[in-house]
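Next up: some structures, all given as C-alpha cells.
Look at the two complexes coming up: chain A is in both, with chain B in one and chain C in the other.
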Partner chain A sequence: MKISSGTVRLIIPAASLAVLLAAVFYMQPRTMSYTGLNLLFNLAVPIALATIAQMLIMAVNDLDLSMGTFVSFCACVAATFLQTSPAIGILIFIGAIAVYAGIGVVIHVRELPSIVVTLGMSFVWGGLAVLMLPSPGGAAPVWARWLMTAKPPVIPMAIVASILIAAITHFIVMRSSFGVVVRGVGGNYRSVERAGWSVLRLRAATYALAGFFAVLSGIALVGLTTSADANIALRYTLLSIAGVILGGGEFVGGKVSPIGAVIGALTLTLAGSFLSFMRISPDWQIGAQGAILVVVLALRLLLNRLEKREKNR
Partner chain B sequence: MITVHERQEVVAARGIRVTFGAVKALDGADLVIHSGECLGLVGHNGAGKSTIVNVINGGLTPHDGTVSYSGSDAAHGIATARANGVRCVFQELSLCPNLTVNENTRIMHTGLKGWNWRSRALKLVETQLAEVFPGHDIDCDSTVDDLSIAERQMVEIAISFAGVRERPKLVILDEPTSSLDAGLAAQLMSYIRRFVGQGGSVLLISHILGEILSTCDRVVVMKDGRVVADRTASEFSTRTLVEAMGNVVREQELHRGQDKRGSTPVLSMPPRRGRGLPFEAYRGEMIGFAGLGGHGQTQALLDLYLSRNSNWWPSRKEELAFVAGDRSLNGTFPLWSILKNLSIASLGSLSSRSLVDADREDELGAGWKKRIEIRTPDMNNRILSLSGGNQQKVLFARALATTAKTVLMDDPMRGVDVGTKQEVYDILRSEAATGRTFIWYSTEMDEIRLCDRVYVFREGAIVSELIGEEITEKNVLAASFTSGEAA
Partner chain C sequence: MNAPRTLLAKPWIWSFVATAAVWIITILFTGGASTVGLSQAALTFAAFSVIVGIGQMFVITLGPGNIDLSVPSTMTLSGTLALKLMDVQDSMIAVGLLLAIVLGLLVGIGNYALIKLLRIPPIIATLSMSFVIQSTAIWANRGLRIKPPETLANFTTSSLVGIPNIALVALILSALAWVLLEKSIYGRWISAIGQSTFAARMTGIPVDGTRFITYALCAVLASICGYLLASFSGGAALNMGAEYLLMSIAVVVIGGTAVAGGNSNIPGIWGASLFMFLVVSMLNTYGFGAGFRLILTGLIIIAVILAAGGRQSTR
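Here is the complex of A and B:
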C-alpha cells in the first residue's frame, strides 16, 4: 500500500511524542494514571489552540508574531469582562476577531509583510491587556473553570480536548472546501485567484478563524489558571510556531497539518515536564528544549531525504 | 471539418493596447475565436502572446480596445471570463503543489460545492484524464508535489478541459506540450481535435510549428504586439509560418566535426543504477541526453554536478556551470536586475579584495547584452521585465560568462521561440569550438540532432549511445521504447 506524503509527515511528530511519553512514564511511573496524564497535559490545551491559530496563519504563508500577546489579551478579557458581564465580553471577542480579519485584509491589500504588521499589533494587544489588568487578578468564568476541570470517565479531559481539537480542525483545514482553498492560497495563490476565488476574502476569513481559535486559547488558559495577567501567555508566540513546525508544517507553501500541530503542542508541553523529571535545572531547560526541537527536525529532514530518494528510484 | 452554419464568436478582442511602462506589449491587436475551431497563435517571445491571453482570460485590463464574450462586452475580469467558459492552462505550471489532484480540481471548479465533493472531483478529473491521455497511470489522490513535471502538466490540462455542469467553451493552452514527450503530445493533439469537433474551441500557443500546422484550423501570427497574419492553417507551411514571424529560415547545417574523443574524459560516470552504459564526456564535445521526459536525465545532470562540487562546501574552482530548465523555480532571482542575474555566477572573478568591481560587472553585462542580444533598454531593469525567452538567454549568459569548462543544461529551451533558439545554438557551437564541453538534456529532437554524441535514457539509466550520423529521431525513439538488452 502506498503511504501518502501527508501520513509520512505525521510519523515523526507522533513517534517523538511516543518516545517522550515512554521516557516520562519510565522515569515517573506514577504519571501513568488518570490524574497523572491530566496534570502532564492540561496546560497543553491552550497551547494546542494557539498552535492551531498560528497554523492557520502559516497556511496562507504568513506568520503571526502577536499570538502570545493576543492570547494574553483574551485571557485578561475572559478573567474580567467575560466573567462579570458576559455580553460585553463576547462583544469584545467578536471585535477582536474582526480586528484579526482586518489585519488579514491590510496585509493582503497593502502587500505588507505579516511579520511586521503582527509585531506592531503585539504591542497594541499587550497595551490593552495591561490597561485591563495592570496587576495579576480577575477570576475565571464558572463555566470555563468547569469545562477545564471536568472529569470525563476513563480518559482525562486534557486528552479528550486535544483529540477534539485535532479532529475538528482536521475536518476544517484538511477536509472541507474552505480548508482546501486556504491551503491553496499558501501553495499557489495566483492559481486560486485565476480560478475566480477572492484571495482577499480568503485571507480575511483565515485570519478571523485564527483569531477565533486564539480567543478559545485565552479562555481555556483562564479556565486552568483561574486568574489572568497581562503577560500570562507571552511565550505562546514562539511555542505556537515551534508546535506547527514540530508537527510537520512548513513556513511556506501551505503545508500544514492540524493533527500534527496538536501533537507538536503536546510534545512541547511534555518536553518541559520531561526535563523537570530529569532534574535539569531551569537555567538549562530552555536550551534542552531547543535541543529536543533540533533532534526532531533533523529526523524529519532525514525522512524527507529518504522519501525523495525512494521517489527517484 | 468546415462547418457551413454561422459560427458564433466565443471571445473577441479588438484593438487591444497594453503598455507596461515604456514597453508596448500589445499595440492594437485583434483576436477573434469562434466556436468549433482550434486557433493557433504563434510568434516570437515578447510578441505579445501571453499578454493577449491574459487580456482574454480577464487577468489584465487593456488600456484601449474591447473584449467581448459571446458577443457581449458589458463586463471584464477573471470572473466574467470564467462565467463565459474561458479556461486557461498557463505556461508556468499553476497547480497548488501542496494539494492533491482532486483538491486542485476543487479549486479550479467552483461548481463542485457541497458534501461529497471529494469523490465527485476525483471522478471528474479521472474521467477527463482517461479521456485526454488514455493509459496514463496518475493516482489522483496523490499530492501534486509527488508528480513529475509531465504528470502535472497532464493534470492541469485535464482539469481545464473538465466541466462540472457544462463543458468549457474556450480552452487556452499556452505551450501545453513543453514538458510532454511525443506520445503524450500526440494524445493531446488528437483530443483537441475531438473537443473542437464537439463544438468547443481551443486557442493553442506553441513553438512547435508542426503541432500548430497539424492541429489548428486557423493560425494567427503575432509580432511586436500586433497580428501580422491570420489565415487558415492549410495556407501555411513551416517555412511560410517562420517567415511570417519574421525569421529567416536557416537550413540547419549539420556540420559535425571529427570525433573529438581524446584519451581522457573531462567528466565520466559509471553506469547508473548498476545497469546500462557508462557516461563519458570529452573536451569540446556537445553531448545530448535524450529519451522520454522524466526518465532520469535531470537527476543524471545533478549527479554529474555534485560529483565535482560538494553539496556541503562548494568548491571555489568553477569547473562546471549549470543552466536550469525551470526558470522560475531555480533559475532567476526575480527581485534582481538583469545584470545581477547575469553576473552572480562570475562574482568571484569580478571582484578584487572581496568587493565587486562595478565597472567590470557593467562591462561584462554590456558585452553579453550585445553578444546574445538581450532585448532591454537597460541592464539594470528587473529580470522579470524581460520575456521568457530573453530571461533564458540571461541564464545562458550567466553560465557562459563563468570560466567553467563544462556546461550542464537541463532542457533550458523549454518554451523559447525559434529565433532565440537559433541564436543560442550559434553561441553554443562557437563556444564548443573553443573547447567547452556541453552536456545538454533536451526534449526536442532538433536540439538533440545538434549534438556530437547522444545518450538515450530510459528508466533512469543510459540504454543507448548514438554517435554522429546515427543521431536520428528514429534511432532515439527506438532506444527510448525498446526494452534494453543491455540491462
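Here is the complex of A and C:
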C-alpha cells in the first residue's frame, strides 16, 4: 500500500502525542482511566476548535492574530446573552460571523495584510468583551454545561468531541469540493480565479467558517469554566497557531491538516499536564513548553529529510 | 513646486497627518492647558515603541513570515537581569547596559539558530524562544523589586531643553538605523532579501549572515528598550513587555512599512508610535471607558490601514 504524503505528515504529530501520553501514563498511572483522560483532555476541546478556526484562515495564506480575543469575546457572549436571552445571543454570534466574513472581504479587496487587520480587530473584540463583562462573571448556558460535562459510555467526552471535530472538519476541508478550492486559494489563487471561482467569495466563506468554529470554541470554553471574563482565552492566539504548525500545517501554500490540527491542540494541552507531573518548577513550565515545541518541530524536519531522500532514490 | 507632491508620495506622511489631527483634537478639548505635558508624555512613551519598532521593522523587511515574537520577553529579561546586576549602584550603569546588549545578542543567536538549523518558521521559532526567555525572567525575578540606580532613573525620567531624554535616545537610535537602512550596504541587502530571497541569493548577497544580523539587531534593540523601560518605571515587572508585542508590529505597519517586506522606512515608525499613544490619551481625555477605548483604538488602526493601504495594491 502506498502511503500518501498527507499521511506521512500526520505521523510525527500523532507519534509525539502518543509518546507524551505514554509518559504521562507512566508517571501517573491513575490518569489511565475514564475520569483521568477526561481531566487531561477537557481543556483541549475549545483549543482544538480555535486551532481549526486558525487553520482555515491559514489555508488561504492569512493569519488571524485576533483569535484569542475573539474566543474571549464569544465566551463572554455565551456567558451573558446566550444564557439569559438565547435569541439575542444567537443574533450576536451571527453578527460576529458576518463581521468575520467582512474582514475576509476587506482583506481581499484592498489587498491588506491579514496580520494587521486582525491585529486591529483584536482591540475591537477585546473592547467589546470588556464592555460586556468588566469583571469576571456570567454563567454558562445549561445546555453548554450539560454538553461539556456529558459522560458518554466507555470513551470520555473530551476524546469523543476531539474525534468528532477532527472527522467533521476533515470532511469539510479535505473531502468537500469547497475545501479543495479553499486550499487551492492558498496554493495559487490566480489559477483558482482563472478556473472560474470567485476568490472573494471563497475568502469570505472561509473567514465566516473560521468565525463559526471560533464561536463554538467560546461556547465550549464557557461550558467547561461555567463563567467567563474578557481575558479568558488570550493565549489561544499563539496556541492555535502553534497547534496548526505542530499538526503539520504550513503558513503558506494551503497545506493544512484538520486531523493534525486537532492532534496538535491535544499535544499542547497534554504538554501542560506532562510538565506538572514531571514536578518541574512552575518557573520553568512555560520554557519547557517552548522546548517541547522545538523538539517536535526538529523531529518533523528529520522526517521531511527522510521523505525527500526516499523520493530522490 | 515638486516638494509637496514628493512629500505626499511618502508612505509615512499619513501617520504624521493622523498624529497631528489627534494631537489637535486632544488639545482643543483641554483648551490648550496640557499642551506641553501631553507632548512630553507622547514623546516619552512613543520612544519606547520606536526603539522596539525599529528592530521589528528590520525583521519584517526581510520578507513574508519574518517576525520576532520574542520582543516582549527579551525586554522583560533584560530589564530584570540588568537591574539585578546594577543593584542600585551608579557605578554599574555601563555594565548593566553591556549586559543588556550581550543578552540581546544571545537571544538573537538563539532565534536565528532555531530558524536556520531547525528550519522552523520564524514566528514559531521566536515564539518558542520567548517561552524559554520568559521562564528565565520568571526565575530571575524572584524576590523584591529592585530599583534602578539613581542616576539612571533620573536620566530616563528627566528631559533636555523640553525634550525627554528617552526620546533623544530613541532619536539617536533612529538616526543610526536610518543610516544603516538607507546608506549602508546592509540596508540594501535586507531590502533585496525582502523583495526576493531567491534573487538576492543569486546575486551573491550573504543571505544567512544578513538575516542573522537582523534578528540579533532586533533582539538587542528590544533588550536596550527593556533596560530603559525598567529604569524609567522604577523597576522591572514580569509583564512589562506584554503590550509591546502588538505595539511593535502595529507601529511598523501603520508607519507605512510593507508587511510583505522589502520596503521600509524609519520616519513612519515615529509617526505611528506618537499616533498610537495620542489616540489612547485622546480617548482618555474624552472620558471613554476601557471598553470603548479598545474598540476605538482597533477601529482607528483599521481605518488608517484602509486609508493608507491603497498604494500597496500596485504590487
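Note that the second predicted complex is superposed on the first by the 313 of 313 C-alpha atoms of A that agree within 3 Å, B and C clash if a C-alpha of one lies under 4 Å from a C-alpha of the other, contacts with A are read in each partner's own complex, and residues count from 1 in each chain.
We take it that a contact is a pair of C-beta atoms (placed from the backbone, for glycine too) under 8 Å apart; a residue touches a chain by one contact, two chains touch by 3 or more.
The shown structure was predicted, so the numbers you read here are calculated from the model rather than taken from an experiment.
When the shared chain is aligned, chain B comes close enough to touch A:192, but chain C does not. Once the two complexes are overlaid on the shared chain, A:135 sits clear of chain B and of chain C alike. By the document's definition of touching, of the two partners only chain B reaches A:184; chain C does not. After overlaying the two complexes on the shared chain, residue contacts for A:294 are found with chain C alone; chain B is out of touch. Taking chain A as the reference chain, the count of touched residues is higher for C when chain B and chain C are set side by side.
Partner chain B is touched in their complex by these residues of chain A: 2, 4-6, 175, 177, 180-181, 183-184, 186-188, 190-197, 253-255, 311-313. For chain B in complex with chain A, the residues that touch the partner chain are 57, 59, 78-79, 82, 88, 90, 94-99, 103-104, 106-110, 112-113, 117-118, 139, 141-143, 145-146, 296, 299, 460. The touching residues of chain C, counted against chain A in their complex, run 64-65, 67, 69, 114, 118-121, 123-125, 127-136, 138-139, 246, 249-250, 253-254, 259-260, 289-299, 301-302, 305-306, 309-310, 312-313, 315. Interface of chain A with chain C (complex): residues 65, 106, 110-113, 115-117, 119-131, 134, 238, 241-242, 245, 251-252, 281, 283-291, 293-294, 297-298, 301.
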